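The next part holds the structures, each set out as structure tokens.
Shared chain: chain A. Partners: chain B in the first complex, chain C in the second.
What follows is the complex of A and B.
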């Protein structure tokens, strides 16, 4: 029961500054975007109202849209099905084998706190041709595997995977940290009780750690999915969506349409689809995990 | 660690530094080591790279240490790349955003959790909804709005959206904390006739330092590293923040590899120093920030 009875003015003084900034810069732009998504507008001249034409065009006539949606989901898939399971495995191993885990966990975490601008440039340098001092091609050449060398970021078929690798590399530590913390919070009495019943080692992990860590796993999955939907800063830094749209994801398509091609109306429409996808994905993943949760408990 | 002891007893074991270590443990540690190398070696490689001459870099002997450490690369990066200007801008934008987020969200969290009024839950719901909205989605409309307000290409165009997008998580963390402290602590202050502002300042603020630290850390990491908004809303050289500055430097000095490496190291340095000092606080804060879904 809240005890403080205060006048309306006091409430307003406390809540309004925050609420105005927040609503003004998060919700108002979305309303603007919903409207400008129905315009044919280059941002400077006159705009024409075209209704849902932008959306129809996006779904049926845009040769970049569906491939970039597919790439967005590829990125999300790699993150959820490769990165998160590896992170869980590492977290379980650390919990079992390491007495003072802080050093390991915080070292793995280090790439997470660096700006994508730095990480992107660093990996661009790493992916450089051997003749420009690139690390990967250099190693391959010195191992005599010259046929394996590639120009990792300019070959259309490989470029997106090169970027996905960087993204997996950078955020692996984040998921390790999240899941490690989750496992630490499982009360040790449960393991002791299970041991008396004969469940030990990986059996204990299967029947105790996994179900108990589900809520944390959900957080990791939501983060990696939403992160993938949004992630394009890395792509903008490393390739800008090129070569020939080969690394375009939904968000970069939106960016290039809006700020390079100057199709403000069309860009807004893509942005709205992106926002809608984020909301739907969050709701769906939550629902899925609620069902999983019920089945396990 | 009881599992560890039992598995060491039952399996063939070898001795490391006088301790009996099972085969499994050795495998696990080899694995940890490999992962440590993959996570940290690129950063170390960058450091070495940044101290080489162009010839050494292009020769491809990437494991070799530089024959002579080229500190001049750093000199070039600082002089040619406006490093300190970008750093100053990043500091200004980040600190202003942090102060704004802390002040406004703690006021709001206080009102949501401690006042007796009808709409507290509704406001909270509004903030929770905002957590699901991606910042990129608002990029274009914000650009249009800022253009009309004539604040495009000013620091305000960064600080305002940074603040707004940090507010949901800040309000969430702060109000979660405020709910956990008992109402008795402000009851005596009410008896003394203190008003809402005085209670906030002299009762609530002092005890809320730990969650505020968490909010500060989250804001720092997110805002300090933000690239897309900075690259979209800022065009003046003298207003660029560090992540955007990195991009400009690299495109300007594209063939001076050593200097690029040096600039990247310098750009990463502030965050790494902070991380060394506050590693545990930062990892805890980031977990708290993640546990919002």
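What follows is the complex of A and C.
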């Protein structure tokens, strides 16, 4: 601080506007929702204070809540354990084998900038029954694999995986871009030195790229986890949480409860659980990576 | 037309946490801008003439509505009436807030939470508007509806659905019934006749299916569509209207044989292969489009769909007919219909210009039937229409629908107009689940009863 030679008050004055906006848009709503999570309230009329009743009901009585949690974590799991590693692998391959990678990376990134509504409609058409021109079922049929055809979005057991696949496909490019940038930032001298020592190809990746890209990988993992917890739009567009709650995740359950079923208080309680999960997960992921960091440094 | 729920794509923001999400109400929001843009243009003119003639105060009335589609006759009609009113009352500016149905519902709920209801807004009848009335958000219109004989233009009894404790709170733009549209050509190809009983309907479904013709279509992603059909079956198995009311009065439960029988019949229909594959991923528009493009033989929907089907490809050469939903198991009277009193205009109690707003809405509703008739949108409006439909060029199908209206001898309202939102959601997802797996009807009924007691 003293290096800057400005008084603390000046610093405070410059930070203040941003701080106020941040507190006003993030912390105040969270506090309000903590309060409204304890109300029995339809969002319009009078409300009654019910304490933790909403939470008790959520954890013990709500037949949709736990399956939604499970699906949310399934999505997060696929995203962190499948999508991010694939993205890293692709990023490594691009760095190594592609001379002008920009075009390729941009193409992978393309789905990210498309509106989810468009992606949802696109994939709905792809998943359609063959009689409605669905591409996947059409291909399966023409290969003589009729028994493999499904109505991908309406069979309760597989519908959520069909959506997860779309989600993975859409954000793969996002993570490739992040990893790719991370790898690019590793100084080439290290690789040259390693080459002299006999570490080349995938060996170099194992002992240089992976440890060096770890902080970036952490960002990717945290982003994909939080993104999965918040996943909502794709599900709304593709199935609306149906059939019969089979593709409901926490965020869509919260939305349905708050605005469709008009239990605003209960919806807020779900939102609070979601916030808590995000916080806990972020802390856990941070701790995990700190350990990994120590091991490699 | 009126109560139709145009689900383009999911658009939403989730309240306090403000997870804002991408929207694609392209057509909707675009028109909104146009609409308010037009309003803006008329303002200078209004000011100018006010200065010279009357010293009246300049006021702006916000008119929230669900006619966002500029190609929809309702939208053109609304603009026409609004323009005429603004010419007559240079000091009044009507600002249009045109949204599609789902956006409007969400917006109103958000506005209601902060007590910022627009001067005029749109609500749905009976149980759906109850929370708003309980929150004391709307102005009673008892005096206004008497002015200029507006009350007498409405069909008898229709205003009851918008009346609470003797106070009328909203004026409906529509009144519809549930009917079955059918594609004459496909029915002929399949060699089936218009069914007069539910059992014949099942047979027809199987015959059509056997010949590779899609028997029926439905947009079950919007689960109210299946519920609407289901409720019509219930209206028959119950031997008449009033089942839900009996449940509310504690005289019956959802485990009543009539309700279980209705689930059974509905399951039979689904299991017979009546509906298209993947029905639960088709939204309302997508489902209806299958019928409109001639891909299905039958389509159960409210008569608000008449306009859209009439102008579609499939209706060429009078190819589409309508019939009443048949009896189920020999029970029920086909002259009892699913009734769908439409969405309705309500006025905010806290409106800054309450009197002017009332005057405008009075004018609007008085001119509504005439303009609707001219725009060929008068099938299924809530007011009486003077005029010869046939001579005005309405299609045979529209005439058929109008004839069915004359047969109506009572009926039931949709589930969500009778029950609270919590029970409604349980019912909707229960009905939707019948599309994807075969369940024990008694079990489904039991679950709903539990949800009902939970939400009481």
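The rule we apply is simple: the second predicted complex is superposed on the first by the 274 of 297 C-alpha atoms of A that agree within 3 Å, B and C clash if a C-alpha of one lies under 4 Å from a C-alpha of the other, contacts with A are read in each partner's own complex, and residues count from 1 in each chain.
Everything below uses one rule, namely that contacts are C-beta pairs under 8 Å (C-beta built on N, C-alpha and C of every residue); 3 or more make two chains touch, one makes a residue touch a chain.
Because the structure is a prediction, the values reported are computed rather than measured.
Partners chain B and chain C, brought together by superposition on chain A, clash.
Residue contacts after overlaying the shared chain place A:267 against chain B and chain C alike. The partner that reaches more residues of chain A, of the two candidates chain B and chain C, is B.
By the document's definition of touching, of the two partners only chain C reaches A:156; chain B does not. Once the two complexes are overlaid on the shared chain, A:208 sits clear of chain B and of chain C alike. In the superposed model, A:246 makes contact with chain C only, not with chain B.
When both complexes are overlaid on chain A, the residue A:172 reaches chain B alone and has no touch with chain C.
When the two complexes are overlaid on their common chain A, residue A:133 makes contact with chain B while staying clear of chain C. In the superposition on chain A, A:43 makes contact with both chain B and chain C.
Within the superposed three-chain model, A:33 lies in touch with chain B and with chain C [touch as defined at top]. Touch criterion met: A:110 reaches chain B, while chain C stays clear of it. Only one of the stretches 242-250, 260-268 or 278-286 belonging to chain B overlaps chain C in the superposed arrangement, and that stretch is 242-250. Taken together, the two complexes place residues 25, 29-30, 32-33, 36, 43, 115-118, 121, 131-132, 230, 232-233, 236-237, 251, 254-255, 258-259, 264, 267-268, 271, 274-275 of chain A in contact with chain B and also with chain C. Across the complex, chain C is touched by residues 25, 29-30, 32-33, 36, 42-46, 61, 115-118, 120-121, 124, 127-129, 131-132, 151, 153-156, 230, 232-233, 236-240, 242-246, 251, 254-256, 258-264, 267-268, 271, 274-275 of chain A.
Residues of chain B that touch chain A in their complex: 1-4, 6-7, 24-25, 28-29, 31-32, 35-36, 38-40, 42-43, 45-46, 49, 57-60, 62, 100, 104-105, 107-108, 110-117, 120, 123, 126-127, 130, 132-145, 160-161, 163-165, 167-168, 171, 183, 186-187, 190, 195-197, 199-200, 221, 224-228, 231-232, 242-244, 246-247, 250, 257, 260-261, 264, 267-268, 271-272, 275, 279-280, 282-283, 286-287, 290-293. For chain C in complex with chain A, the touching residues are 9-10, 12, 14-19, 21-24, 106, 109, 112-113, 131-132, 134-135, 137, 220-223, 276-281, 283, 421-422, 424-425, 429-430, 432-433, 435-437, 454. The touching residues of chain A, counted against chain B in their complex, run 1-6, 10-11, 13-15, 17-19, 21-30, 32-33, 36, 43, 90, 93-94, 96-99, 102, 104-118, 121-123, 125-126, 130-133, 135, 138-139, 141-142, 169, 172-174, 177-178, 181, 191-192, 195, 200-201, 204, 216, 218-220, 222-223, 226, 229-230, 232-233, 236-237, 251, 254-255, 258-259, 264, 267-268, 271-272, 274-275, 278-279, 282, 286.
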